[in-house]
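Both of the next two complexes hold subunit A, though its partner changes from subunit B to subunit C.
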Partner chain A sequence: MTSGLKAFWAVLTVLTVIVAFWYAACVPMNIKGVLTEQERAGAKVQPPSAKDRRDMSEFGLVLNNSFAIPATWEQDRPRLPAPHQVAIEMWETTVQKKITSKRSLIYHGWVTLSATMLGFAIGTGLGILLAVGIVHSRVMDLSVMPWAIVSQTIPIIALAPMIIVVLYSVGIQGIIPKAVISAYLSFFPVVVGMVKGLRSPDAMQLDLLRTYGASRSQGFWKLRLPASMPYLFTSLKIGIAASLVGAIVGELPTGAVAGLGARLLAGSYYGQTVQIWSALFAAAILAAGLVALLGLIERTVLKRMGMAQ
Partner chain B sequence: MPTDPNNNSAVVEAANLDLTFQTNDGPVHALKDVNLTIDKGDFVSFIGPSGCGKTTFLRCIAALETPTGGTLTVNGMTPDEARRKRAYGYVFQAAGLYPWRTIAKNIKLPLEIMGYSAAEQEERVSKVLELVDLAGFGGKFPWQLSGGMQQRASIARALAFDADILLMDEPFGALDEIVRDHLNEQLLALWARTGKTIGFVTHSIPEAVYLSTKIVVMSPRPGRITDVIDSPLPKERPLDIRDTPEFIEVAHRVREGLRAGHSDD
Partner chain C sequence: MILVIGAILLWLLGWWVNGRLASGPYADTRIVGVVAPLIFGLTIIGMWELLVRGLEVPLVILPAPSVIAVRFVDSLPILWADFVQTIVKGALSGYIIGCGAAFLMAIAVDRWDFLRLGLLPVGNFVAALPIVGTAPILVMWFGFDWHSKAAVVVVMVFFPMLVNTVAGLREATAMQRDLMETYAATYLQSFLKLRLPAAMPFVFNGLKISTTLALIGAIVAEFFGSPTLGMGFRISTSVGQLSLDMVWAEIVVAALAGTAFYGAVAMIEKAMTFWHPSQRG
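For the complex of A and B:
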């Protein structure tokens, strides 16, 4: 068997195990709700009293009412939706909806993506600038770096509403506050990675430039910056995922107008778990796509630079 | 090539040179009372155990370290002035080529920094690639070359701007002996063709004797010169000169010098 085929089977096995586990988990998670529905529809359930059922363990209920198992995968508002329910919801809200529709996941995904990209661009730019400052100035290293670290210890969920309120009070709303929150999360990995990258040339490399009488800026453009590229791309991959989280969190306090965060919030308001899960998957797929895209850019750039073989 | 201290062709002159590093474990006396004259066209090897200050002395010449006592002139200037006048090219133990630059672009690095025109950069690159026998490899990236070829490219980089002095800090230390022999032979040919003054740090006795017109034997704690040997070997040196009695005699004297330095501690 070739290694490619082996890898394929390995991936498929893991996927199958996860899906099987998911279906299995749906049964005890949803059984109580299902039995209530079945009872209303006239089926005989064990025990017949809702009060007794409430005190019983989920596994006991499943054993007593095994006829109800298939129904745990087909509820309208399950506690835990089954994989195919999420898949159908995603299919219906992407392919079968016009992208201008407020129910289209692509529309909401785009709203979140645009805030993510803007925030990522701001965060990356800010991160690189800070890193350059930190590497070139001891004062900045001592004064900025601790604040950068502290900034990441504050839970973003606590900070996000304040950022939105403060910006709203000065008349800024819409995509900008979300992008600011997104930038707040994504600048940090870029600072850390770029500081490490810009400092990666060893003493010998720096001595060599000294023997040429190179200026600081020549040292930066010819040695430090190119040497930092592999570090930058690693940071960008972490940064873009953080950006997406920031954009989604930024959508929560605004009252669920649009975006994947809004879908999550609206879903939880109305108990639409299928909608929550499909928004979660949309976010995960988006993040995976963005990271993969960066990986592709990384390979292309490093190859052109001669740093990848 | 005999040494005459009054000869005004002296390229490097060190008098009572002292260097003490202040470290957390207290002062380290890296160089003590070093007196040495290197004449134009000399091939001088510095040999000694680690910690004897041979690399430190080379770095002083290159103005990468600042002596704490005595005087040191390079081409009649302070080492710092000499560096700004591009008096020397420096070759480190590792080739240190930039992985994101081709060989030709690596050799252009000092030329770009020093502001040579694009046409002149091209011309010089092809000239030095020829000198180190790497013509045709300009478009390759460093990882596509063997260790020996990479080190030759780094020598080419040091030769690209017209420095009269070539300072080499154990340039072949990381290479295997067969490659090293080959590079030594090439280095001698290059030296003969270009007439550069070469300062060469090594801890291989055969390498020092084979290459040098002058061998400086050093010993550690504190780093100092224990012997300076003017080689009686002819300038023309095939590899098998290493089996001649003259060669063996010089090598013997170097070994004696190293042993004398060691018995001190």
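For the complex of A and C:
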């Protein structure tokens, strides 16, 4: 227990240092914009001309104008928003907005999450089926498996904009194109992991089943499938993270309609940095939640199967 | 119609040949291991060509492989310029900076237990996040040119590399460490002669994962703004103009670059960790 406590304090310290560093970084990042605003409001700024300030280093400006430091954490459109600004924006766009509102992060998060989940379900299902085929058919193993492995080294996400546009031109839009991208991104990790898992029983165990006179399907259901579970969950965690990235990237070429990717793109078009950061954190929370949920299912399943370490 | 029947026949032929290869006497040799996937790939491309022509699929939905190949050869100078901009300048420089920084950080994390306890959970957490989302912020900070793409790549590869390297540096067993102790080895000696070599398989695992991440980061970051050059830029603008043959040509480049990059790292790994069981065939 004491080691757990120690780890807790260590993580807390690291997080505190990160937040402190973040606040400190806001000062030089935002100082130029702040000084321009303050000058317009009539404050005495050192040096007074904007041209001189442009050539000066950020740190020199901070030293000369220390009165402006608090303002660097309160800007409207800062280069780097302070943590509390992001937190306030997230609070306002989640709790204080109706979830049907176009400005609600929960609405946009749901748009992305639904595409992610649909794509993930399709990709995982097909991936498991192909893995079963590869394990049972030597021809498929020889011809398909190398391509599944090679696909892991290729940035196949580059296909995303084309899929959106092509499906749109044949009249399919909405959730399906994004789900297609999520599906193929989660498909290949699941195939590779699942093949490894279904092959994980060793020769001794396979021989034992043969001495029992087990049929091929019995061998599959009673030995190969249970043995593959740890591998399956590992690749599911990779797959869901890839699915989420796919759904976010899939929202970019449609011109920022709805979803977290659209929030990112709209934020970068209009310089709404606080909006970008809050969308980014929403995506991070979503990803962490999905991975944690899979981890929970993994622990429960493995415990019930008696495989938990 | 004849072309469609041809496609079906081609499929049957390819499958039959691979079936013979798989059940034949040479099924486990290296040659079959290379030839069978090649036959499968060529069958798919042949079917693609025949079906696109036979069913008269419009170019804006799916161009035939021959059209893509012609476009690829015709626009080699553009493709090369995009390759240099995105892969060499953006991805490769970010990859080197990010992996180097993560490696140094990993040594520090390994040296001080407090850092390991505190930073590793954070690193594991961050490694699972959609980091590509930082692209709009970094593009805003570092401008439209390749510097911002390199920055995205740095952030993307840092944590997977860090987590893998730290795991690797803990790989040497207590027995081996004790042996170094009995030799009166200093920290540096035991690091250079025992723990760093033992960590190499993990380090290379991190490096290999990072190759794909680097390409993804560099290409996706260009969707958020870039000069009129680069693979991500070309893909998004060509999609807008519905010249899908160009998009496919860029994807071919991305595929070749990704495989070559991964292959290069894997070859260095083979040369440096020849002693590891996984490399002794």
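Everything that follows uses one rule, which is that the second predicted complex is superposed on the first by the 293 of 309 C-alpha atoms of A that agree within 3 Å, B and C clash if a C-alpha of one lies under 4 Å from a C-alpha of the other, contacts with A are read in each partner's own complex, and residues count from 1 in each chain.
Note that contacts are C-beta pairs under 8 Å (C-beta built on N, C-alpha and C of every residue); 3 or more make two chains touch, one makes a residue touch a chain.
This one's a predicted model, so the numbers in the text were calculated from it and none came from an experiment.
J.: Pick one for A:S182: touches subunit B only (first), subunit C only (second), both, or neither.
T.: Touch partners of A:S182: none, neither subunit B nor subunit C.
J.: Is A:S235 touching anything from subunit B or subunit C once the two structures are fitted on A? First, second, both or neither.
T.: Neither: A:S235 stays clear of subunit B and subunit C.
J.: Can you tell me whether subunit B or subunit C touches more residues on subunit A?
T.: It is C that touches the greater number of subunit A residues.
J.: Under the stated touch criterion, which partner chain does A:V245 make contact with: subunit B (first), subunit C (second), both, or neither?
T.: So A:V245 only meets subunit C here.
J.: For A:A158 in the superposed arrangement: first (subunit B), second (subunit C), both or neither?
T.: After superposition on chain A, A:A158 lies in contact with subunit C alone.
J.: Of the two partner chains, subunit B (first) and subunit C (second), which one does A:S104 touch, if any: first, second, both, or neither?
T.: Neither partner.
J.: Quick check for you: in the superposed arrangement, does A:Q205 touch first (subunit B), second (subunit C), both or neither?
T.: In the superposition, A:Q205 contacts subunit B only.
J.: Determine, under the contact definition given at the top, whether A:L223 touches first (subunit B), second (subunit C), both, or neither.
T.: A:L223 contacts subunit B only, not subunit C.
J.: Looking at the complex, which residues from subunit C come into contact with subunit A?
T.: Contacts found on subunit C: 15, 18-19, 21-23, 27, 32-33, 36-37, 39-41, 60-62, 114-115, 117-119, 121-122, 125, 128-130, 132-137, 139-141, 211-212, 215-216, 219-220, 223-225, 231-232, 235-236, 239-240, 242, 244, 247-248, 250-251, 254-255, 258-259, 261-263.
J.: Residues of subunit A touching subunit C in their complex?
T.: 6-7, 10-15, 18, 79, 138-139, 141-147, 150, 152-155, 157-159, 161-162, 164-166, 169-170, 237, 241, 244-245, 248-249, 252-253, 260-261, 264-265, 267-268, 271, 273, 276-277, 279-280, 283-284, 287-288, 291
J.: Of all residues in subunit A, which touch subunit B in the complex?
T.: My answer: residues 204-205, 207-214, 218, 222-223, 226-227, 229, 305-307, 309.
J.: Where on subunit B does subunit A make contact in their complex?
T.: So the residues of subunit B touching subunit A come out as 62, 64, 83-84, 86, 88-90, 92-94, 96, 98-102, 109-110, 112-114, 141, 143.
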